[in-house]
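What follows are several structures.
You will see chain A twice below: alongside chain B first, and alongside chain C after that.
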Partner chain A sequence: MDFREMMESKYRELLENYIKEQSEQALYAGQKFSRKTIEQKISPEEIVSLHKSLLIEMYPDVPEKVINSFDILLEVMIGYGLAYREHQSLRHKQEELRSEMEIAANVQQTLLGTKVPVINGLDIGAISVPAKHMNGDYYHFVHDENNCISVAIADVIGKGIPAALCMSMIKYSMDSLPENRMGPSSILENLNRVVEQNVDPSMFITMFYGMYDPATNILSYASAGHEPGIYYNAEKKEFTELSARGLLLGVEKRTKYKEYKKEILPGDMVILMSDGVTECRTDEGFIERETLLGYINKYIHLSAQEIVNRIFKELEKLQHFQLRDDFTLIILKRDV
Partner chain B sequence: MNISIDVKEKDTAIELTVSGEIDAYTAPKLRETLFPLSEENGVNMVVDLSGVSYMDSTGLGVFVGVFKNVRANDGQFKIVGLSERLQRLFEITGLADIININSQIEGGV
Partner chain C sequence: MSIQSCVTIINEWDIVAARQLGRNVAKELGFGTVDQARITTAISELARNIYLYAGKGQICIDKLYEDGKAGLRINAADNGPGISDIRQVMEDGFSTSGGLGAGLPGVKRLMDQFEIESSPGNGTQIKATKWLR
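Up next, the complex of A and B:
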């Protein structure tokens, strides 16, 4: 027996039961029935028409006026049926889009993937979590043949897919820069030209670029409008801003970037972040830099990776697990 | 999250007063209002942000776009009434060095 035949006898039974005793139970059976018919894609007008024909069959003395009134109900229900079918097809499309987005996010992860280098004397931790599917933040490590460790952290102004696509472009420009030792400022100057030429005029990128030489323990760095990093002086147990001035990438073609240098002593840390960290908004307003420093202090005894993981958990909790912006945090810690 | 933009066209300048929050949701409205004005030749725009309680980088993107338009059309562009937080945003991004920002509202005592 196919569903439609079964539906007819089932509906007849429901109707008979309810007309006989008008119980809650009989009503509930109607609810259950509708779940089944929705599953089978039975339209509302079909149910009305079934109701009408069963009524004529079961109670031949029902006034004609009542029977005729069902034609109006049927017409009205056709509209609902169409809307429902449209809703179903949109839901289906949405599912499709969602799975495509997931695939795209995975592709992005693979394209932008970077390995945190393992090197004697320097402990590195990094975390990057997108607010939506695709990440507009980006970080990249290079361990070059001179044993220098370079780190880039960037944020595309704008979120979602356009930002993510833009990030992929940056990654490829960075890969195509000559391998020979370019300093942070000349790398930013190069990328600035690429972004200025290729990107939509209201899309911009902030980037911090640092290069650490384990032979001299000097960190050279430059910033293109990026959220300032933090330097932790282990001896004085003191945090200071790793200030660097420089314009966003993509605004002016001939921007120059100043290069800064900082000596990193045993136990010292360099903390880099995206504005998703400092623009973390809670019920009481923004988190203050002190709050962030408080968390760093709280976990300072742990490894760099553990520190960034724990700080992310704390800030995520403060925002009720709803990230408003992509979140990236990197810690470089010189071994004692 | 709301934004209101008040436009006053005076003889010498177009004065815009923005209040509310500027983020990914409200930035398109800001852009729609500001972009056509910024494309007029020799325009003189003054944007007052003293009523803005929050702005994220999307808002910054709009202002950079407006700034570039105005400059390309030989106009003038100025932002006034920046809160401490907004001032910091313009400084970090290096925009304070190229865009005329003035934390005092003009015409005050």
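Up next, the complex of A and C:
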């Protein structure tokens, strides 16, 4: 017996039971029946039609007026049936898009992947979590032949797919920079030209570029409008802003970037972040920088990777597990 | 083999006439009430499109007999502005999001076969068929 025939006899039974005795149990059976019919993609107009024909058959004395009224109900239900089927098809399409996005996010991770360098004397921790599937933040480490460690952290204004596409370009232009030793300011100047020429004028990128030389313990850095980093002075137990001025990438072709230097002493830390960290919003508004510094202090005894992981967990909780912006946090900590 | 009768669509009342014609033919062919309602809904939708976007056109109903099967075909034709992006109008959610009713994807769902031809300046011709089971 196919489902339609079964449906007819089942519906007849339901109807009979309910008309005999208006019990909650009979109604509950009706609800269960609808689950089956939805599963079998039976449209609402078919149910109305079935109802009408069974009524005529089972109760020949039902007034014609009542019987005819079902024609109107049937006509109205056709529209609902169509809307329902459209909804199903859109849901299916959404599912497809979602899995496509997941694949894209994996591809992005492979494309933009970077290894955190392991080097004597410097402890490095990094975390980057996208708000949606695709990440508009980016960080990159280079451990060059002079044993210098370079770190780049960038944020595209905007998020989601457009930002992610833009980041892939940045990554490849960084990879294709000449091998000979370039300082942070000339790297930013180079990237600025690439972004200015290739990216939509409405899209801007901020970037912080730092280069640490373990031989001298000097960090050279430059910034293209990026969220200021934080410097921790271990001796004074004091946090100060790692300020650096510079225009965003992609605004003006001939932008020059100033290079800054900072000596990193044992126990000192450099904390770099995207605005997803500082613009982390709670019910009371943006978090204060003090809140962030508080968390750093709380976990300061841990390894750099542990610190960034714990801070992310704290801020994630603070925002009720809903990230509004991509979140990237990097800590460089000179061993004592 | 096909037998055809037509209704010219100029104003909203003509939509009702087209529905009536479609229902009569569907009844004659032996379609059940649910399929009759589906066919008339499809006719409504196509006739409304003519009335709203082309201003004037024709709905013709054919009886089809093929390979021992009987069917009903709706032919909707107009010389209106035509459609430049057919893929877009055939996409779910495109016309319905503005509350315009079932749209062409709805017509396609209500019927068994659906063909559309349209280009800017050449009007729109739609053929939609339902077979008697």
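Everything that follows uses one rule, which is that the second predicted complex is superposed on the first by the 336 of 336 C-alpha atoms of A that agree within 3 Å, B and C clash if a C-alpha of one lies under 4 Å from a C-alpha of the other, contacts with A are read in each partner's own complex, and residues count from 1 in each chain.
Just so it is clear, a residue touches a chain if its C-beta (ideal position, glycine included) is under 8 Å from a C-beta of that chain, and two chains touch if they have at least 3 such contacts.
Note that this is a predicted model, so its numbers are computed, not measured.
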In the superposed arrangement, does A:Gly121 touch chain B (first), chain C (second), both or neither? neither
By the touch definition at the top of the document, which applies to A:Ser89: first (chain B), second (chain C), both, or neither? second
Does chain B (first) or chain C (second) touch A:Gly246, or do both, or does neither? first
Have a look at where A:Ser49 lands relative to chain B and chain C in the superposition and call it first, second, both or neither. second
Which partner reaches more residues of chain A, chain B or chain C? B
Is A:Glu75 touching anything from chain B or chain C once the two structures are fitted on A? First, second, both or neither. second
Once the complexes are superposed, what residues of chain A are shared between the chain B interface and the chain C interface? none
In the complex, chain A touches chain B at residues 155, 157-159, 201-204, 206, 224-228, 245-248, 251-252, 275, 279, 286, 325
Enumerate the contact residues on chain B facing chain A in the complex. 24, 31, 56-58, 60-62, 64-65, 68, 85, 92-95, 97-98
Under the definition above, what is the set of chain C residues touching chain A in their complex? 32-34, 37-38, 41, 92-93, 96, 101-102, 105-106, 109-110
Within the complex, chain C is touched by chain A residues 45-46, 49, 52, 71, 74-75, 78-79, 82-83, 85-86, 89-90, 93
